[in-house]
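Naming follows writing order (A, B, C and D), and every chain is counted from residue 1.
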Amino acid sequence: MERRRVGILGATGMVGQRFIQLLHHHPWFEIAWLAASDRSAGKRFDEACRWKLDTPLPAGIAAMTLMPNVPEGMPSGELPKIIFAALDSAIAYELEPKFAAAGCAVISNSSAFRMTADVPLVVPEVNADHLELLESQVWRKDAGGYIVTNPNCCAIGLSMALAPLAQRFGIESLFVSTMQAVSGAGYPGVASLDILGNVIPFIQNEEEKLQEECGKLLGTLVGDRVALAPMKLSAHCNRVAVEDGHTECVSIKLKRPATYEQILNAWADFQPLAGIHEGKPLPSAPDQPVEYAGEMDRPQPRLDRMRGNGMAATVGRLRPCNLLDWKFVVLSHNTIRGAAGAAVLNAELLAMLGKLDWKKWTASAHKHVTAALV
Amino acid sequence: MERRRVGILGATGMVGQRFIQLLHHHPWFEIAWLAASDRSAGKRFDEACRWKLDTPLPAGIAAMTLMPNVPEGMPSGELPKIIFAALDSAIAYELEPKFAAAGCAVISNSSAFRMTADVPLVVPEVNADHLELLESQVWRKDAGGYIVTNPNCCAIGLSMALAPLAQRFGIESLFVSTMQAVSGAGYPGVASLDILGNVIPFIQNEEEKLQEECGKLLGTLVGDRVALAPMKLSAHCNRVAVEDGHTECVSIKLKRPATYEQILNAWADFQPLAGIHEGKPLPSAPDQPVEYAGEMDRPQPRLDRMRGNGMAATVGRLRPCNLLDWKFVVLSHNTIRGAAGAAVLNAELLAMLGKLDWKKWTASAHKHVTAALV
Amino acid sequence: MERRRVGILGATGMVGQRFIQLLHHHPWFEIAWLAASDRSAGKRFDEACRWKLDTPLPAGIAAMTLMPNVPEGMPSGELPKIIFAALDSAIAYELEPKFAAAGCAVISNSSAFRMTADVPLVVPEVNADHLELLESQVWRKDAGGYIVTNPNCCAIGLSMALAPLAQRFGIESLFVSTMQAVSGAGYPGVASLDILGNVIPFIQNEEEKLQEECGKLLGTLVGDRVALAPMKLSAHCNRVAVEDGHTECVSIKLKRPATYEQILNAWADFQPLAGIHEGKPLPSAPDQPVEYAGEMDRPQPRLDRMRGNGMAATVGRLRPCNLLDWKFVVLSHNTIRGAAGAAVLNAELLAMLGKLDWKKWTASAHKHVTAALV
Amino acid sequence: MERRRVGILGATGMVGQRFIQLLHHHPWFEIAWLAASDRSAGKRFDEACRWKLDTPLPAGIAAMTLMPNVPEGMPSGELPKIIFAALDSAIAYELEPKFAAAGCAVISNSSAFRMTADVPLVVPEVNADHLELLESQVWRKDAGGYIVTNPNCCAIGLSMALAPLAQRFGIESLFVSTMQAVSGAGYPGVASLDILGNVIPFIQNEEEKLQEECGKLLGTLVGDRVALAPMKLSAHCNRVAVEDGHTECVSIKLKRPATYEQILNAWADFQPLAGIHEGKPLPSAPDQPVEYAGEMDRPQPRLDRMRGNGMAATVGRLRPCNLLDWKFVVLSHNTIRGAAGAAVLNAELLAMLGKLDWKKWTASAHKHVTAALV
């Protein structure tokens, strides 16, 4: 099978590097175009980028020339139709629509359009059916392009742990207190003087994002809009001295009573992509999206973040709550599952649904596949 | 004024070392006796102890000989009547009553007797009046001795932040998620392989202690028993890579509505020891027991734990809660305010109340001073 | 090809866990026997072991029963003839000879016998020819068994960086200052209170080991003894807050002058196992044993320790020295290349040399292969 | 005694904050003027500065208005004649001469002029007599102003440990390998992603500074120039995950043989300021400039950096070196002794020498005091 050509916006940053790492040997996608800000455009990738991952920078990538981060000026056919975007929110707000208007599928990790009504905010295991929103985007109708987003790093792991509970028992309200890794702030990001031997009990806009994005993720697609889930969520977000992996302490009140075993079963049985997977799983999807760690002191970021190649959410410590119903801990890798890997999985789902395949795309194909998602 | 002779049980451990540090130049107390387990008894202090504090081990202490940790065998008059105890719970359970039976005031940091009905569990700023419980102890009646305890390190900072709110508005329920320093586990305590770049979302028995001890601290003295406060508390306890200072994220529901300003005022006005302080403050009491840090990203353990010489609780980030009423963060130094300093302050209060003064103690003196506490 | 059955002594410790991780899918070896101290023997592996690696404990291993760590009492044919040993030195001193006497090839990571005259201390890329020493061991002559050791974690990375320089230019003297990861001390090992925000400028016996073991590694096999390399080495060993990966700063005086390019070439050309590799490389041997990192601030433990699957040594920052000739930095993974991986590579070399193959072993085969090593 | 008015250039940075902390209650100096870059000038101090120290920002300082960092434009008599400078090197190069030309004593922590021939590079305990260089500065002759510098943070602790050895035994050559705290890089400085669980074996220009500055510090004043000490020094500089405190591993070759006891005595006897101190010690000078820590695993940054209120150098682990003569470890607080505290002590020495006292200064006074220094 021929691999689809893809491009990366914001290729030199932390999430951009993860995109390169995850896409380098990807069976379906091939990195054909890397773009960066004016300061770096025109340079070789390895001159502009301080590579910060512990796998080597692939030689072929290192030698690529960084393009300006605009769709204009590319020779016809050179601009990939699939664009992974790892941009700061303000820049994403300006640039992503340009690429959508140019007919590209923009698969974005930015927060700029997550809460926009006709932009899907998707975690494939949680709300794949929301992808249909993209069909109502004006760019889609005009040029075939669109924007699809994945949520904030904390909302991803949390929503994966919540989705099976929401489906079986309903969720009324929850507390979440996070302990987030420094890689979530990008590079240079958090100053070492601020975090060595310390906790920072504040991350700009993070509590707001976590609260509103979970409402959309667990919401219901009604026509061409998402009705937000009515659950109440109160978040406390903290930065801790961890390189990768966000840990979240959760207290939850369910709509219908559930026993300890019923909750464990809900997580164990959670295979939402099985209907699509049939015979051809998504390459980046973890076998077990939500793993339960039975040891009394798990999950832990250093030991559990790489479960499912960094794409699983690990839950643990399920126990009764004095105030709501149950307490547990959820952990996920914030720059794989919580950022670049989330976007790659979105792209894989879009490919499976035919939405990356401009020629073959037909209403019938689309209906056939999405039927499996509901 | 002559300084009272005091002894320290468990003098070589982390809390024992803090006792030495805090008592070395204390205006009211003088270290006269140090005891340790059989393994160390008979050795010079500096041979048995790996001093882990960043102030020097005082030369006079270094040269002292460690005694066996039993009251027997001391020549008459040699055993101090005031004993600070920094023992593991199982050992405290066995040894502390022996010292109380020998007529000593045992001021304990252990959890062994905290929830025992006739043992005061006291934070001076929170529930000084509970000290009266000690008068009903059998040892007190027999030999004049007694046991007084301070709470778990997390319960101290939390109860200090809660007390002014409980007094003015009442507390119905709260959610607490902690990020606790490694020094709370003693030495060697937490293995570096477990905490570097990591979070451990579990501390043995800690959530239970925090939940039940806060109920007793904020409870009401009724006759010779404490009626537990009826509030519901749900705790999540975590260990993080911080040397000293416990950070706690709190969501709280009050019984009576309170505005942002009213809550800040409740903390700012909190001067519960003023009635006793009059003209002669307790040496270790902070000027401002609860300090509010107005910056958006505070309190932080590295920057705020030493407020009030490590004896204040610092609160910050007061903001509305989606689920209960208000959210905030509280921080306190876990081995000063949360352990040794708490016991020293208890001792100072006992001294002020005449309860360390076996000869002069009279019912009239007692009534006079405790009247100021209510 | 049928995989050889192997056993692991000290299977529950940090190095024991690495043995399991590295051997679990090994093409030549199969874990058939796990032993532990009396305290753990008889238990299931997963009951006795706190698994501390970030790859999952294999289910098959988890269910194995731990055997007592003695060769006696095993039914005939049950005791594997290849034993990997991850024991503390004092215990190794007692137990390893028993297994050798029982006819086993003991491939040890312990320091107990490293400097014993007839025990090979081997890094395959550095001094594979020293393996011949094992033929003079009394156990070898009696029962076919023997002991082979790998060096201290710091000595391995250092000797790999030194070997190509020793071969081309000769080494007269060197200064080494290490910054060692906490995993080198095992579990629980270094207390978090000792290393968070701190450096410990002392590791028991480490400087002595590093100094003497490098002399033997770079020494010359003369008959049935190793003549120590006459170079002078002065070591400073430090513990730092790093989970895995030892960093070493080196100043070196060569016997014959070498230019910057000549040194880089010596490292780049270093392919000491090529003669043996021919057509069938050792499975754990890195393609490039010594990699040079050209960036000005490398190697770094977090970014470079996994080069060559954790089996390469990475050098960097080659620059002139004011006092000797050249300065550089060397880094290697201390529990893979520096411990379990080193022993596994030794075993692979022994297999290639026919020394794990009791039946087929003949003097002629032996001479053929070792000729390639000189 | 009236306190002298002083100003601080670069007041909002990490070293600027330390200046404020150390000068706030200083018996001889009073902060009268704070200056910052154009971006901050005109703002209140607490609006422009993120205070990062664990003692509170003094209220009086918080309310001060930041001035532009130029001498011009101040009303007559408003510009303090004593200016502490905490500027980046490039800015210091431009600004410090302006203040000197305006008649100010510029006491600088910057590297800009350290190696300039007529600028004193001084550690009071090491080379107080070098201050005489300032008399040959053109600014001094014109307007009375001058520039005095203190060395790089690593050079200070090292030179203090070396000075007594240089005086008694002479120094021929030495190796130094440093493990430096992140605060040395200022704020935001080192990114947390670069240092958590990591070592960076490179600090820009640091090895060069350490090598050349030690030569000047231990050099000899010959007329109006310093003859550099002829010793050879080879430095390896590393950044580690420590907040404060630089640790340095040293191997040294002396000119004349010295026993273990003789070296310990040289350090213990080192009281170079005693001649000046007579009856009136410098307020910031530690009682014992070089302390020896006898425990086998000391000095350690977390435990020893605050010796002498952060102004002492602590040495430890004296032992023979295989290559040179002796090995030891030296530790000092990099932002107190190694930066702001060093400048404050320089200012105190200048005050004692009459060089901050423009009216009273006479050649006779000067000769009298400097005689004590030689």
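The working rule: a residue touches a chain if its C-beta (ideal position, glycine included) is under 8 Å from a C-beta of that chain, and two chains touch if they have at least 3 such contacts.
Source: prediction; values computed, not measured.
Chains that touch both subunit A and subunit B: C, D.
Each chain's centre was taken as the mean of its CA atoms, and the one lying most distant from subunit A is D.
Centroid to centroid, with C-alpha atoms defining each point, subunit B and subunit C lie 50 Å apart.
Computed from the mean C-alpha positions, the centre of subunit C lies at a distance of 45 Å from the centre of subunit D. Here the spacing of subunit A and subunit C, counted between their Cα centres, is 41 Å.
Across the assembly, subunit C contributes residues 52, 196-197, 241-243, 302-303 that each touch 2 or more other chains. Contact residues on subunit B toward subunit A in their complex (touch as defined above): 173-175, 177, 179, 196-202, 211, 232-234, 236, 238, 240-243, 247, 249, 251, 296-303, 316-317, 321-324, 327, 329.
Subunit C contributes residues 14, 52, 182-183, 187-197, 241-243 to its touches with subunit B in the complex. On the subunit C side of its complex with subunit A, the touching residues are 52-56, 196-197, 243, 302-307.
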